[in-house]
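Letters A, B, C and D name the chains as they come in the text, with residue numbers starting at 1 for each one.
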Amino acid sequence: MENLQAVDMKERKPKQIFVQGAISPAFIADSIQKHSTRHDIGGHSIFLGQVRADTIEEKPVAAIEYTTYEEMALEKMLEIREAIFSKYDLTCMHVYHSLGKVAAGEICLFVFTSSKHRRMAIDACTELVEKIKFELPVWGKELFEDESYQWKENK
Amino acid sequence: MENLQAVDMKERKPKQIFVQGAISPAFIADSIQKHSTRHDIGGHSIFLGQVRADTIEEKPVAAIEYTTYEEMALEKMLEIREAIFSKYDLTCMHVYHSLGKVAAGEICLFVFTSSKHRRMAIDACTELVEKIKFELPVWGKELFEDESYQWKENK
Amino acid sequence: MELQITIFGQLTDITGSSNIRIPAVSNTDELLAALKQQYPALGTAKFVVAVNKKIIQGNTALAANSSIALLPPFSGG
Amino acid sequence: MELQITIFGQLTDITGSSNIRIPAVSNTDELLAALKQQYPALGTAKFVVAVNKKIIQGNTALAANSSIALLPPFSGG
């Protein structure tokens, strides 16, 4: 994995991070499993964003529909990836974000960092989540059951 | 889940956190899946400890064998749980630690916090990991392939 | 000559479409003036302009083949 | 009368067993003195004493039914 990422970085080739619909727990398990061959990893830090059924004017959010400016988002993600790799001593970094509809209770964001030591993995993951929320051109539309909607705002 | 935990806290009943051998990615996936019914959760933070094959005097660590003073550890974990729940606004908190042999590349610690907002989940998880490392009476014995060993030290 | 502009998120509620065209202008200040005339609600909306996938700072020259996009505040994750 | 003491982690390399017995003493200062006489290597080892599942601070009284344990530095996770 390290070698692939080193190549990616040299070529500055954006990596796909978007997946259609919700991210399944089985996909997350697979991703964790793949790291068992890396015997230099001591800690993994994972953040999962889950769609919350906030109640707005008495109507609960049933799903969020995500859209993106994909070309720009993938270039931005490459920049973020390079910044995080140069700041933290990581073994691997993986980011997946949903597009399209994700129902309340489902996972829409999966951020996964691994390092020899726990602090590096944890700090890198925390910073990545903030950057993803505030720097990636992605928009969430909160859909109510009656087909009305409201645009999501990040805090 | 919240209700169960509230009852636990009221009764001060220690909860089992130890599992025999490695923690499987499938177990982690199951645990994530169970939270999809909780529509007030917006973010999950997960830390996974993985056994690292450090090379000590040219011999790589093949596995770590964990032992504990179980009665004391479970009481201490209950104290830690109460402290974290009173400091952070969490929906759930789960901790699993391996006992016995865990091979290099396998998962030995699974810490999982969930909250309405990401910062609470992330900060609680980070603090929990530190407390688990330094306050729980658990010992790791690093086993080499030639059956020699060295006692693990936490930094 | 026309410029094509891609519209994202809540701004499509104002423009009614995610792709709009306006008569060619030579820089982003002129572009914004033209857009606000055509869609007055853009005057109070929060957004930034991206030219060739970069968010611009200040007035920026536009070419016929520039990729132009209006981006409201991001809300991913 | 004897006290039973549970030994954990690397301290078992010194005592050779995870359960040892020593003639009854009335407090932890006496206990430590007796243990260090029997196992001189404990004199330089790093550990704390737990009585009834709590780590003690300072000299602590012992009863016949006290749970006594020697705990080297923790290394879980």
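Rule of thumb we're sticking to: a contact is a pair of C-beta atoms (placed from the backbone, for glycine too) under 8 Å apart; a residue touches a chain by one contact, two chains touch by 3 or more.
A quick map from chain label to UniProt name: C, D = MoaD/ThiS family protein.
Because the structure is a prediction, the values reported are computed rather than measured.
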Contact-graph distance - origin chain A, target chain D: 2
Computed distance of Cα centres, chain B from chain A, in Å: 23
Chain centre separation (chain A, chain C; CA means) in Å: 27
Between chain C and chain B, distance of the C-alpha-averaged centres to the nearest whole Å: 49
Per-residue overlap in chain B, given as positions that touch at least 2 other chains: 49, 118, 129
Multi-chain contact residues (two or more partners), chain D: none
Chain pairs that touch, as defined at the top of this document: A-B, A-C, B-D
Complex contact set, residues of chain C against chain A: 6, 8-10, 13, 50, 53, 69, 71-77
Of all residues in chain A, those that touch chain B in their complex: 25-26, 28-30, 32-33, 35-50, 52-53, 60, 104-107, 114, 116-118, 121-122, 125-126, 129, 155
Sites on chain B touched by chain D in the complex: 49, 66-69, 71-72, 75, 97, 108-109, 129, 132-141, 151-154
